[in-house]
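A single structure is presented below for examination.
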Amino acid sequence: MSKVSSLSKAVEEIPDGASIMIGGFMGVGSPLKLIDELIRQGKHDLTIIANDTAKPGFAIGKLIDAKAVSRLVASHIGLNPETQKQMIAGEIEVELVPQGTLAERIRAGGTGLGGVLTKTGVGTVVAEGKQTIDVDGDTYLLEKPLIAQFALIYAWRADHFGNLQYELTARNFNPPMAMAAGTVIAEAGEIVPVGVIPPDQVETVSVIVDTLVGRED
Amino acid sequence: MSKVSSLSKAVEEIPDGASIMIGGFMGVGSPLKLIDELIRQGKHDLTIIANDTAKPGFAIGKLIDAKAVSRLVASHIGLNPETQKQMIAGEIEVELVPQGTLAERIRAGGTGLGGVLTKTGVGTVVAEGKQTIDVDGDTYLLEKPLIAQFALIYAWRADHFGNLQYELTARNFNPPMAMAAGTVIAEAGEIVPVGVIPPDQVETVSVIVDTLVGRED
Amino acid sequence: MNAKEIIAQRVAQEMNDGDLVNLGIGLPTMVANYLPAGVRCFFQSENGIIGMQPLDGPGSALDALTDAGGSPTSVIPGAAAFDSVASFGFIRGGHLDVTVLGGMQVDEDGMLANWMIPGKMVPGMGGAMDLVAGAKRVIVAMTHTAKGAPKILKKCNLPLTAVRRISLIVTEMAVIEPTAEGLVLREISPEVTVDDVKAATEASLIVAPDIGVMKLAA
Amino acid sequence: MNAKEIIAQRVAQEMNDGDLVNLGIGLPTMVANYLPAGVRCFFQSENGIIGMQPLDGPGSALDALTDAGGSPTSVIPGAAAFDSVASFGFIRGGHLDVTVLGGMQVDEDGMLANWMIPGKMVPGMGGAMDLVAGAKRVIVAMTHTAKGAPKILKKCNLPLTAVRRISLIVTEMAVIEPTAEGLVLREISPEVTVDDVKAATEASLIVAPDIGVMKLAA
């Protein structure tokens, strides 16, 4: 029941125009090989859901450089001037989402919740066009769930079933994204036999992971 | 900065009439010593929020036997006939909540969300008197956050700061409850020096734990 | 074979290799014993584990490793443990391929009632409402009648577990699929006739043109 | 001492032993260097760590351990790592004692604008909106003016970060507390007069009856 695939085959199943969640925070914990392969295969017109676009020449920044992205949902693009340039030029449609709300919207998408009720953004431009809900006298913004066709995940270690472990701040958006996508492709630093990772240390459970790519592919 | 306390002192701070979340699932992962001490100190008129009431003579079942509970929020009481008896006799007010909704309501309480939007319970007696919210054509029940004055937690291992680790299915409701209470008292199977638990294996972070009680108190 | 064994064996044939499956307490738990050759499922228990398997023997029991009924269990290599929040994230989020639950009543609309009898038995719904609302397939495994009275009714009179048409009913007499058109009788046991099934069922049954016989080991 | 050092040092005096603290990128990060003796804080970074501390040296850097700016960092014994969902659970759930952020503008109502200049700079709010909405105390650490123009205004004209009155403004000139009655001038730097502060501030200031002088190391 091994899910290990070659890098090229794993990425070939992603069509142009696909919606893709990509883990990572300023490139830390991003699946760097999968990103490089997306570019090598010339994928374009992608919708990317990610915390940020790292910086030019690095991680998701490379997808921006390659003009592979037509729509972006992110919390922060301030450290990538190229993303801002393409946004101002109208080449990328950007939806900016508060970071905690982005995390919860992805979690809601992956766990069957109808949305997120948060105080974050109430009364600000983020609330424009959105429904507010009063609960016991407090006002919350209704933020909608996010899902994607694909999630590209980076894990420190995997077993052949697809159980995943993460390392320190390379965890970030990877675990919730793995729950929220139709097809989950995980790039792992190391792939070990089933049983090596103890049940209490599995952070993403194998049953939701579709394809595994080793780091040394 | 050690948070270790004696069992009696830890429980003395809980007043009669308090609202208390108690971890565990059929007693597995329940803080058995803290429960016994609640009874020894004669606490009464308690509101208990827990998955279940175990069975007579065991874990939360002992609090029911002692008639210490006046209000109960739980998902299942079928294996404790004494709870059902006291409920039918009007001695305990019982709110039954679907298990997944109970978990999410506690999580919402601990993470500042205004409620939970779930399809679970829509169109059933669980929906009676509750608001429904339509999101993109689907109907969800708005279930409100749960918080408590105290959470009584059982952890497999703790460090002196209060970082906690859990074991297998003894985890269950303990992690979300630790986030959702004003004062968190954790009973640990073992208390180790700070630094022994690696950052990636901490499951409940020390900053939210107030008091630690060792199992061999 | 008794009724429960027949039901468990037939339900097991619905499983596909690699499925994530939640088995309710009691009869549904027996399904794990009858998986067809070559079919490996990941069994989830809502108290926080994926990869459950029966205990090797009483000597290997661990207090901190139990099923949803609180009984000691074991795990396969590659199992994973998690909290109740994550557990129901799988269930509500549509990640669970199949749930097998017991039933008190199922009706012509495919609605299930299995969690309370008002004024009599109020055990609480536990995880049942989330399971029926969230699983991809909901299979109800139950005896066809209770003390001779039909359990497959025109309309449930007990409180519903969810407003969702369940996927399949498996009893010791028949396999019945709730559809938009009504309850379709797909298979009958080798021991009974279509008329026997109809007589034991209050609801109207649509007999499938290709109705078959339940395949059961001797 | 330059303006940033003055601000960081004064903000550090607001910390209590055991506080869970989130420091924004840039100036706020410097606060960690000036904690009073006996005060140990747990520093959170929103990318998923509690117990951050500065790197020992470049040799100890690890790719998988960075602050919210993506720069290598280190951890104290007893640190904990978690995902972005958990990270903002702490922030939004009111578990964060203090957040220190930079500011573009603060107004008489104590509202903060610090995340965009329409048509000019749209970096995104990152975690700022959650931090300002959720932390128990919000301290804005910023220079009193920008290129000579006041940043403490009658009314913010940039988009707000949150509709929530922040707790304290610390600049190189003054410590100002937003209250329901307006902005209260609590302390001034030893280098300036109350009139200097008023001249550099567009908003009205209420001078505290017990106004003090910022205590700063030489």
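As written, the chains take the letters A, B, C and D, and residue 1 is the first residue of each chain.
What we mean here is this: contacts are C-beta pairs under 8 Å (C-beta built on N, C-alpha and C of every residue); 3 or more make two chains touch, one makes a residue touch a chain.
Just so we're clear, the structure is a prediction, and the values are computed from it rather than from any experiment.
Undergrad: Give me the step distance from chain A to chain C, shortest route via touching chains only.
TA: The least step count works out to 1.
Undergrad: Treat touching chains as neighbours: how many steps, at the fewest, connect chain A to chain B?
TA: Counted as steps through touching chains, the separation is 1.
Undergrad: Taking the mean of the CA coordinates per chain, how far is chain A from chain D in Å?
TA: That pair's centroid distance is 29 Å.
Undergrad: Rounded to the nearest whole Å, what is the centre-to-centre distance of chain C and chain D, using the mean of the C-alpha atoms as each centre?
TA: For chain C versus chain D, the centre distance works out to 55 Å.
Undergrad: Please work out the Cα centroid separation of chain B and chain D, and write it as a whole number of Å.
TA: For chain B versus chain D, the centre distance works out to 35 Å.
Undergrad: Two-or-more-chain contact residues of chain C, please, as numbers and ranges.
TA: 49, 75, 81-82, 88, 91-92, 134
Undergrad: Would you give the residues of chain B that are in contact with at least 2 other chains, written as numbers and ranges?
TA: Within chain B, residues 104, 107, 112-113, 118-119, 166-168, 171, 199-200 contact more than one other chain.
Undergrad: Which category does the touching pattern between chains fall into here: line, ring, star, complete, or other?
TA: Shape = other; not a path, cycle, star or full graph.
Undergrad: So which chains actually touch one another? I want all the pairs, not just one.
TA: A-B, A-C, A-D, B-C, B-D
Undergrad: Per the contact definition, I'd like the list of chain A residues that touch chain C in the complex.
TA: For chain A paired with chain C, touching residues are 1, 107, 110-113, 159, 161, 163, 179, 194-195, 197, 199-200, 202, 205-208.
Undergrad: Across the complex, what residues on chain B touch chain C?
TA: Touch list, chain B to chain C: 25-29, 51-52, 54, 74-79, 84, 87, 96, 98-104, 106-107, 118-126, 156, 166-176.
Undergrad: Could you please specify the touching residues of chain D with respect to chain A in the complex?
TA: 45-49, 62-66, 68-70, 81-85, 87-88, 91-92, 121-130, 133-134, 159-163
Undergrad: Could you pull out which chain D residues touch chain B in their complex?
TA: 18, 20, 40, 42, 49-51, 75, 77-82, 88-95, 134
Undergrad: Residues of chain B touching chain A in their complex?
TA: Touch list, chain B to chain A: 104, 108, 112-119, 133, 135-136, 138, 140, 142, 144-145, 165-168, 171, 199-201.
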